[in-house]
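Have a look at these structures, which come just after this line.
Here come two complexes built around chain A, the first alongside chain B, the second alongside chain C.
Up next is the complex of A and B:
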């Protein structure tokens, strides 16, 4: 047993996933995925639950995408909502103005988000730390303003209205499965990349970019790819969201809160881990729902949420996955050790 | 006999604002040798390596690797071409195991293009053994002590299959016994046919391991030649220890 605990956790491989405590947890996780897969056919799957889970799964997908650039490559991207917005507008405008059906439109929206990520990534991924973070926030905000004021193209403050999904009685299930597939696809994509050179290059860049560069890693290319793939996830989520809500409005799809949610989900679950963002999205929703339920007064729940996030950041900077996976034993000492290890 | 040149700098210069960190340095490194690069603190040794390896843009001058002009190339291209280096302030990938750290070199370095990650992970076993870290293969880099972090730097550089290796103070902070084994390691690497440039403050190591020494002072070439000869050069002693000491040193030598 003690051997099991000492066994190294390879960031990239699934070795030992079916052994020991890891194995139990992974099995539970797989069962949970299966459960989500059949959920719409269960008798208690009401519209409310379908709706909620679709939101959580879209968040999970975006958080998985954020994890590429923020978690693995270590660049504090605070503007990923820009890609969500581009995906939403790209899909919506393609359907309305080009008369395309949903899937080709979604593809256009996602590709547009990726291309945009590459174009802005090339200059701004040269920035580091806070400067990069500020640049991403600025770009996301600017894009929101453009979408809001460019009335002739985006419909401006009136927004754009999309056709309903047909047949409408299957709408809930359709969007649930779109979100589900996107999140599962994101998990598979993460695993796929981590077993390739790209994954090693991301982690190397996070740990020491100069050393990575000197060792033959084309860091610019790797970073831009991480950024573009995180844009792909957010762009797809945005397109699905747009068609689901049949309405795209700048102040709705460029909300900075969405970026924060992606980051919080990843941080709560564990950045730089495969399952962290996925699990984190659920933890985040449960947390916020409980808080709103018990503290319906004003903005108090947001305050408490903030406090919880600070506590998590201070005591388990690597996310709850550290303890859930048994990598570390939950104890006062472990928490204190975390503070010492990760203090800035 | 004409020796084969592996690296050559011509008038290599690096200015930081008004400060000339490296000023018009002409250095030739011959294939197969161990060249020592010494100089007092702040002489520009690390900066010199940084401009050769593309870590810093060069202000003026040229760098040739095996006759090819590599001036201004990005660091990753230079790494892939066959130049590897270690860092004075160690730069491990802390979130990775020792094996993964080294495998990154085998994946992306000079011989990396043809290797998959799995092949790279297998390939590095003998390198990890070679630097004496076989037992630590599965350890995370943030669990290692400094001597092992220095060895890890070396292993990462070696995994790149370099033709030319820059060792930036790999022995600083090590004790006498560790220095001995590090020296042995440097010799063994050289025997594999890898040309080495060592930056070192540990003079014992310089004398013990290098065949030729190049001295930098205030960013300029001060002297070069055989190690003993260079270390007895009054100008070099003065650069390190000051004028007064030189006078005393030579008085004592005369007296003796």
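Up next is the complex of A and C:
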């Protein structure tokens, strides 16, 4: 646990950034980010890989957002898809009903998601543990139903159709970079917050909320901010997704799978770490893609994916960042110790 | 330190290499399970003379549309098998072997879009076929348009797919707003004195389009739409709607929805004593489950059908008649072909006729030939309007007969039995 608390301090000063082991790791990660930055211009960057990476980067962005509330603050938010949906509908409706162009519409969608998070965060962030989890699931489900039935406003079950990105030939690149910037922005935001009082208060709340409260931290404010920022990330991702897919349909943008995916990515990579969700999103999605295309197992790939996730959960419940960052040595002993430590 | 560092570097390298390797995925191990390469013989000499045409599709083989997806795949495969027996599709003066490349989209629109990108940019398929369902079709037609690759789809009936001005998307099936036209025509043909219609609708994209189309058409035909309301998806009780309809005493009751809610509407109509002269539904009555769930209460109920094995169409395509298609399908898969299989095979027939007319495999030439296509197939007329929809093929109507059978009763010239009219009221049974 003490390692966790140190995590935010690790990258706090730029001098130490490129020194030692951490420095090497950070350099490799930076290279990877740069690689992604030039990816669309590489000769093998087919439409398929742009599409796949756009999905991964959107997932990474949402997962980074989930990490604020779920990883750092320690609140099991299971309804973040609600913000994704609000972002998608906010952006879509602003474009269709108000005739706005994409960027202002995206802003409206994201702000709507944030405002909604603040409004529902104030009451439900008083709940803890599984009560909070249930409340978030319920809200996401209810929103999906409302969007599906409120025909005069949301278009109901017929959904809304958005115009195409023009020129259509460049839409792949455009949405790739939108997702890329969002994910990078999310990483920078995490890094920025962790070195502020806000970041420390999140971790303090996770470790012991009552103690944090007694120490004079405004826990309500901190929690609501964590929730709102995670809504911001999901809302922006939803807006980009809506314009990318050119349609918004309640059953598509409010599906619980998205929440599960963002949690899974964060947990796979490592909750409460800066790079964990980002790396987790890549590992998760590439795993799926590899299973679908390169393993001759037909319909078994979902089962295999499930098995891999269970194994990761059992052996490294703190995520792969534990081993990547060198917090733990990758060995049989460490894996067994993990089981002992985190068993219920 | 070095060991852990090594592990990290390996992980990252694998990630990067996976990206790089997969991007050239045409070379490494093609996924055997998903790639349906028909028979082994056509893989033979890769000489310069060899000509082949590859059709790609992402179809739901797992997930909620797994069953329908299987029918789609069966339809595609049956056509490919038959045409390759004849040496392939005639292109100019030679024949080109046909290959299929099918991936499983897991009934997921994101995956569907991703796979169609792969089919176009990596597998370099010649032409695209459609997935199952309006949602996935909506997502994939946009990609076909982006790359200017034709897509003839057979399983997405929503018109919103085609209202976006696309040039490369075509649908062989009759679009949703036309679903209930056959039933309205048939009812009026039998009894021109019918005056009023009530319509109940499942709150879903497809059903809403069906209902709106039926309403417009009924009004065009001089009928009075006295009731028009929707119920929630997966509703467990529609009695309030039935009661409201009963108070209007409609001549015709039309339902736009799917199997489960159609059964519910029938059950509660019996409970509440709603007895119009005609009961017609968009989806449900043509399925064996409908009879199973309702028993004798299924009698007289009619349902719309894209295609039935009994239709008396005649064609010079490789299947010739719906009956011959049914025989071939039964021999290969051991069951009566559902309409999804027939329309999927019809999509390939549309391609074949367009390729023959164009005399080339050029994507734009075939697109133009598709736009100009006017062909009578075993599935019915294949002809597209400006938006790419096949509004020329009439919907067939099937009726649950009092002898327990299910027969095609419309269109008249293709029907096997007379339309039983009127619906015998519940209290007189």
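Operating definition for what follows: the second predicted complex is superposed on the first by the 318 of 344 C-alpha atoms of A that agree within 3 Å, B and C clash if a C-alpha of one lies under 4 Å from a C-alpha of the other, contacts with A are read in each partner's own complex, and residues count from 1 in each chain.
Throughout what follows, a contact is a pair of C-beta atoms (placed from the backbone, for glycine too) under 8 Å apart; a residue touches a chain by one contact, two chains touch by 3 or more.
Because the structure is a prediction, the values reported are computed rather than measured.
By the touch criterion defined above, A:263 lies against neither chain B nor chain C after alignment on the C-alpha atoms of chain A. Of the two partner chains placed around the shared chain by superposition, chain C is the only one that A:164 touches, whereas chain B remains out of contact.
Of the two partner chains, neither chain B nor chain C is touched by A:193.
Of the two partner chains placed by the overlay, neither chain B nor chain C lies in contact with A:81. In the superposed pair of complexes, A:21 makes contact with chain C only, with no contact to chain B.
Within the superposed three-chain model, A:252 lies in touch with chain C and out of touch with chain B [touch as defined at top]. By the touch criterion defined above, A:272 lies against chain B but remains apart from chain C after alignment on the C-alpha atoms of chain A.
In the superposition on chain A, the chain among chain B and chain C reaching more residues of chain A is C. Of the two partner chains, chain B is the only one that A:217 touches; chain C does not reach it. For the contact definition in use here, the chain B contact set and the chain C contact set of chain A share no residue. Those residues of chain C that touch chain A in the complex are listed here as 1, 3-5, 7-9, 11-12, 15-16, 18-20, 22-25, 28-29, 31-34, 61-62, 103-104, 106, 109-111, 113-114, 117-118, 120-122, 135, 138-139, 142-143, 145-147, 160, 163-164, 203-205, 208-209, 232-233.
Residues 53-55, 74-76, 78-80, 84-85, 87, 91-97, 100, 103-105, 107-110, 112, 116-117, 138-140, 156, 160 of chain B are the ones that touch chain A when the two sit in their complex. Taken in their complex, chain A has these residues touching chain B: 7-8, 10-12, 195-197, 199-201, 203-204, 206-208, 210-219, 272. If you check the complex, the residues on chain A that touch chain C are 21, 24-25, 28, 32, 35, 44-53, 55, 148-149, 156-159, 161, 164, 168-169, 171-172, 245-247, 249, 251-252, 282-283, 286, 289-290, 292-299, 302, 320, 323-324, 326, 329-330.
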